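Below are two complexes that have chain A in common, paired first with chain B and then with chain C.
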Partner chain A sequence: MSNPHWQSAAAQKRIAKRNAAERRFKAIGLGAIVLSLAFLALLLVIMLKNGLGGLDWSFLTGSDSTDADIAGVWGATKGSLLTMFVTLVLAFPLGVLAAIYLEEFAPRNRWIDLVEVSINNLAAVPSIIFGLLGLAVFVNTAHLPRSSPVVGGLTLALMTMPVIVISGRNAIKAVPPSIREAAYGIGASKVQTTFHHVLPLALPGILTGTIIGMARALGETAPLLMIGMRAFVATPPGGITDPSSVLPMQIFLWSDEIDKGFVQNTSAAIIVLLLFLLAMNGLAIYLRNKFEVRW
Partner chain B sequence: MILTGILLAVLGLGLIGWFVGRGRARLLYHGRGSMHSMPPYHGWHVALWIVVPALLVWAAWSAIQPGLVEGALMADPVAAALPADTMHRSAILAEAHVLASDPGASVFDTEAQELAVPLRALQVRFGVIGALLVAIVAFAGGAYALTRVKARFEARTQVERAVMGVLLFASLVAILTTFGIVASLVFEAGVFFRQVSPIAFLTGTHWSPGNAIGTDIDGNFGAVPLFWGTIYIGAIIAMLVAIPLGLMSAIYLTQYASRSLRKWLKPILEILAGIPTVVYGYFAALTVAPLVRNFAATLGMENPSTESALAAGLVMGVMIIPFVSSMADDALAAVPRSMSDGSLALGATRSETIKKVLLPAALPGIVAGVMLAISRAIGETMIVVMAAGAAARLSANPFASMTTVTFQIVQMLTGDQEFNSPKTLSAFALGLILFLVTLVLNIIALRVVKRFREAYE
Partner chain C sequence: MTEPKLTARNVDVYYGEKKAIDNVSIAIDNGIVTAFIGPSGCGKSTFLRSLNRMNDTIAGARVTGEILLDGEDIYGPDMDPVALRARVGMVFQKPNPFPKSIYENIAYGPRIHGLAQGKAQMDEIVESSLVKAGLWDEVKDRLSDPGTALSGGQQQRLCIARAIAVSPEVILMDEPCSALDPIATARIEELIDELKNTYAIVIVTHSMQQAARVSQRTAFFHLGHLVEYGETSQLFTTPREDRTKDYITGRYG
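What follows is the complex of A and B.
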């Protein structure tokens, strides 16, 4: 502060103004986050307030009903579990194998570029489009049973696969080349190197990505609406070809009911769904922290 | 039933083949270098030769068996007595199929009961033929592979070639899916555009497919109000919420927040992106829509509707916040540190640096992020289905009920109508447009992001 010019009242005022602008800007930034989080908190509080009273054993073990008091979520939960099972069985192996191929073996040519472009685009296609695909191909062309977990699972598998491929590729890319070179050095073939060394090291990352993709599929409603999983199903489905509903669909159906009792049911079903998602994401974070290796 | 049994039997045979192949190869093994491939590879080689050809035959047979059964059934005297009317006839046949698989089922037609007996016999007969075929192929494949178990046989090379085939197939599924989407949308939309002129569809301003009968069909399929509703809710209202909030959160998190605060805030903000859209939709309908309605009433509007573009757009904007925030985060992080350091060294405050140096430098990345966010918002379905309403109108009033492309797709496909009516098919035409628009937005955005990253590397 040796320059006397800075001590003048005008300069002091200007600096104070600039500092005030700085503080204001910082406050706006914090405000944006607080506002977003307040919205989240409001959403959760309202759902808890409306729904907690409805969460009891009969709600968790019952199936859909026209009477709000005896309606429960077990039927829809079982439908969700069966659908997720089909999705996982299809999307996980296909996604992992595709990721391995693209990252370790694929030659650089136009075909492989096409595969990469379509995977990146599929990850961003609106989910309802997958529903249209499922309706046109699985229901109308292949004549698989409408509203069944097998069709829902197939549709969601197509949607989840790109997510698994992308996260799988990142996980495989993170395995350092020295691991591969060590395996080649003692005479392993490329396939042996990949399956015995690279894949096990990349697996935690792949699993994390898979769980996140599955969590997204679990909360998905729009594509299942397209393939008709909105039927009123009063008994839990017995297998993957029985008509069934899924948790988000149950929420959607109940939200349309006029009877006041269903407001509580809808919120309670939302709590159940959010708990599932929380558990899955928690598992993903746990896996990441426990097994992730920083090379 | 028989077909499922065959599938399991083939897999079981494959397992046995694996052990037999490995066992035979082990007999040949006399220390290091005595064989080209280790015994387990011989096991895999045998198992593949059993399972792959058998499964191919199995798949082919399960595709043609229903046709063969049907053909043989028609030759039966009972079937000859069936009514000629196709509707009635197929109903009876369907019931016969139910009876054949579950004898306890109760059915309507007595003809079905009579048909079920020969039908069941035929199904068993063709099932047995199929099983025999599959068994022959499996054993032939296994025997051939077993004769090749020799010390110098390159079983590993063969097995690895098969593995490569499987890997290639898995990565082609993505292309097949894209192709399937395009083919099914184009095909169904093509049927639609044969009945409704594309020009009327893309430029018409009146949408009421319910009234579309006879000659006036073109006039009722004008999709412009839907496009407007989609843009108004997804690209205008939602972005007015998401861009400022998302961008400012990203700036605060990357520029101001301490490391530990960032570690906590970022995952919590990401929760917003993980909440299922149906939950947002319910929240919009239950809580936000009444608030918006009351607000409209205090502004002096008469009879504001409970469903409004504003309620849907607001909630959608909140949903997109973490997405915009993380895209902006990446864009800001890609700007070289030396640029902001230079600005700070000249005496600019942090906020001046951000506004005058960082944001302009990160702008292409942020714009690309916003484009991706818009493509997400216009494809969003559940929020608009639950909160935006069904009225197709061209209006700039945010309190009015408005409809979107995704809402109409749901609306057209969830009723009980003929699949081939123009009303149902219009959903595929709308889907095609939605797909093309999001595709173009994504391709441009991804390209911009790539360019932008390269510029600073």
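What follows is the complex of A and C.
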């Protein structure tokens, strides 16, 4: 049984037009991906071409030097690791606790609304502002050692915490209310419900958000400029209070050098930094898959 | 005549400004099943949730009047809502097992209330709870499997076992079969019939047939009022109120 309507010329034309629109959209979408990936590929090719030659054991274990051949990336890497450690130890518990409080315990009133708006705004504040804050508070007021991972970590923790709060709240919000009811229904208290049931289910989301925030902090340069982590440091820092540099800062400093040898060093350091970021994102995906609960 | 297990006197429940329950007084006895019926939005679930202070967890919900459990005011200053909810357990509309093992689902309640000394005693509680919920034979070989892997009906019986595990005195059931197929529903109804000998059971249901099948007493709610409360057989055959009669004969619903 065929309906004559679909055989008419107008209908055929309409269908043809619709199919053309489908094809057009697919082509544009594909183009958008190819274009952006092409730039990434270009960056990678240039970096690998320039930097791969400089990536050897002495580069990975050495520290900054005025001689491009001797200069290595270990000092800055260790500085980055120490800074990240300080950031994580501060921002993770603070961010998660704040997220839990806001989502599960806070009363609904104007003050809490204000806190929410502030945290959302904080996550969007340019990083250089955090640098100024760190300089004023941690270096000039608290007299913590300038150029040290502890000040860098504190500053980056300020910046990372709002990101963790926001992703943490979203993860907590995504836990179905029926789980909370189930726990309340057998006499679990609010804290027991939160820590035994809600938090474990929200953890994959919280961890993913945390690692993404940490990856952003790892690549941050501007706020660390303000607190003096751009100093020339020829020995790896022994602890979180020693003067130190970080990877992106080392890249920035070397890219400023006139000596040709530093061009290779810059590219090699970028490769190291990218590998770090890749590893962190990989870890985020791994943790998410490992802890994700399906029901 | 013994003292009723639960007594509500002049109870109002508000959600913010809205009055969801208006001046309800009711006495619920031990050893029987009491059914709450009525059209959607009549307040039967709201009233049920005020019996174990589940409404406390909803912002803006407020209960006035008096609800007594064995003569003790559950909204009184000496009553801890957390302890109350262990004494007045609850089974929800949609089966909501924890995304943990079957064993953990049952063991969690007794553990937080310190009901078991050691693993052997906990094993015993888990087994007896699952036996009472009629689930033991189906799951005894796979206690470490996730509770969420069970079928819908099994999940609901797991939730009942979880409620039983903390030795409640009353079990509240909020439309426990509405997400289940007829066979699973029949299993749950059989179970409810057995459990009434041990616990006072209050069940909210959309299905009048279910109320007629499982309950000994029925309360009919309409627009936040308790319209009629009496023996189930009497209420379904010779209702006193016109509104009850219109509802049970299907004139509205």
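The criterion applied here is as follows: the second predicted complex is superposed on the first by the 260 of 295 C-alpha atoms of A that agree within 3 Å, B and C clash if a C-alpha of one lies under 4 Å from a C-alpha of the other, contacts with A are read in each partner's own complex, and residues count from 1 in each chain.
Here, contacts are C-beta pairs under 8 Å (C-beta built on N, C-alpha and C of every residue); 3 or more make two chains touch, one makes a residue touch a chain.
Nothing here was measured: the structure is a model prediction, and the numbers come from that model.
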- prompt: More chain A residues touched by chain B or by chain C?
  reply: B
- prompt: Should A:Pro93 be classified as contacting the first partner (chain B), the second (chain C), both, or neither?
  reply: first
Query: After lining up the shared chain so the two structures overlap, which partner does A:Arg146 touch, if you call chain B first and chain C second: first, second, both or neither?
result: neither
Message: Looking at A:Ser189, would you say it contacts chain B, chain C, both, or neither? Reply first, second, both or neither.
response: both
Task: Mind working out whether A:Met161 is in touch with chain B, chain C, both or neither, as first, second, both or neither?
output: first
- prompt: Counting only touches as set out at the top, which of chain B and chain C does A:Arg288 meet: first, second, both, neither?
  reply: neither
Field: First, second, both or neither for A:Val115, with chain B first and chain C second
entry: first
- request: Look at A:Ile251 in the shared chain and tell me whether it touches chain B only, chain C only, both, or neither; answer first, second, both or neither.
  value: first
Field: chain B and chain C contact sites that coincide on chain A, given as residue numbers
entry: 189
- request: Name, in rising order, each residue of chain A that touches chain C in their complex.
  value: 108, 176, 178-189, 192, 196-197, 201, 293-295
Statement: Counting only contacts in the complex, chain B reaches chain A at residues 156, 160, 163-164, 166-168, 170-175, 177-178, 180-181, 184-185, 187-188, 244-249, 251-253, 255-256, 265, 267-269, 271-272, 274-283, 285-287, 318, 321-322, 349-352, 354-355, 372, 375-376, 378-382, 385-386, 406, 409-410, 413-414, 419, 427-428, 431, 434-435, 438-439, 442-443, 446
Field: Of all residues in chain A, those that touch chain B in their complex
entry: 18-19, 21-22, 24-26, 28-33, 35-37, 39-40, 42-43, 46-47, 50, 93-95, 97-98, 100-102, 105-106, 114-115, 118-122, 124-130, 132-133, 135-137, 140, 158, 161-162, 165, 189-191, 215-216, 218-222, 225-226, 228, 230, 248-249, 251-252, 255, 263, 266-267, 270, 273-274, 277, 281, 285
Of all residues in chain C, those that touch chain A in their complex: 52, 54, 57, 59, 82-87, 89-92, 94, 96-99, 108-109, 112-113, 146, 148, 159, 162-163, 165-166
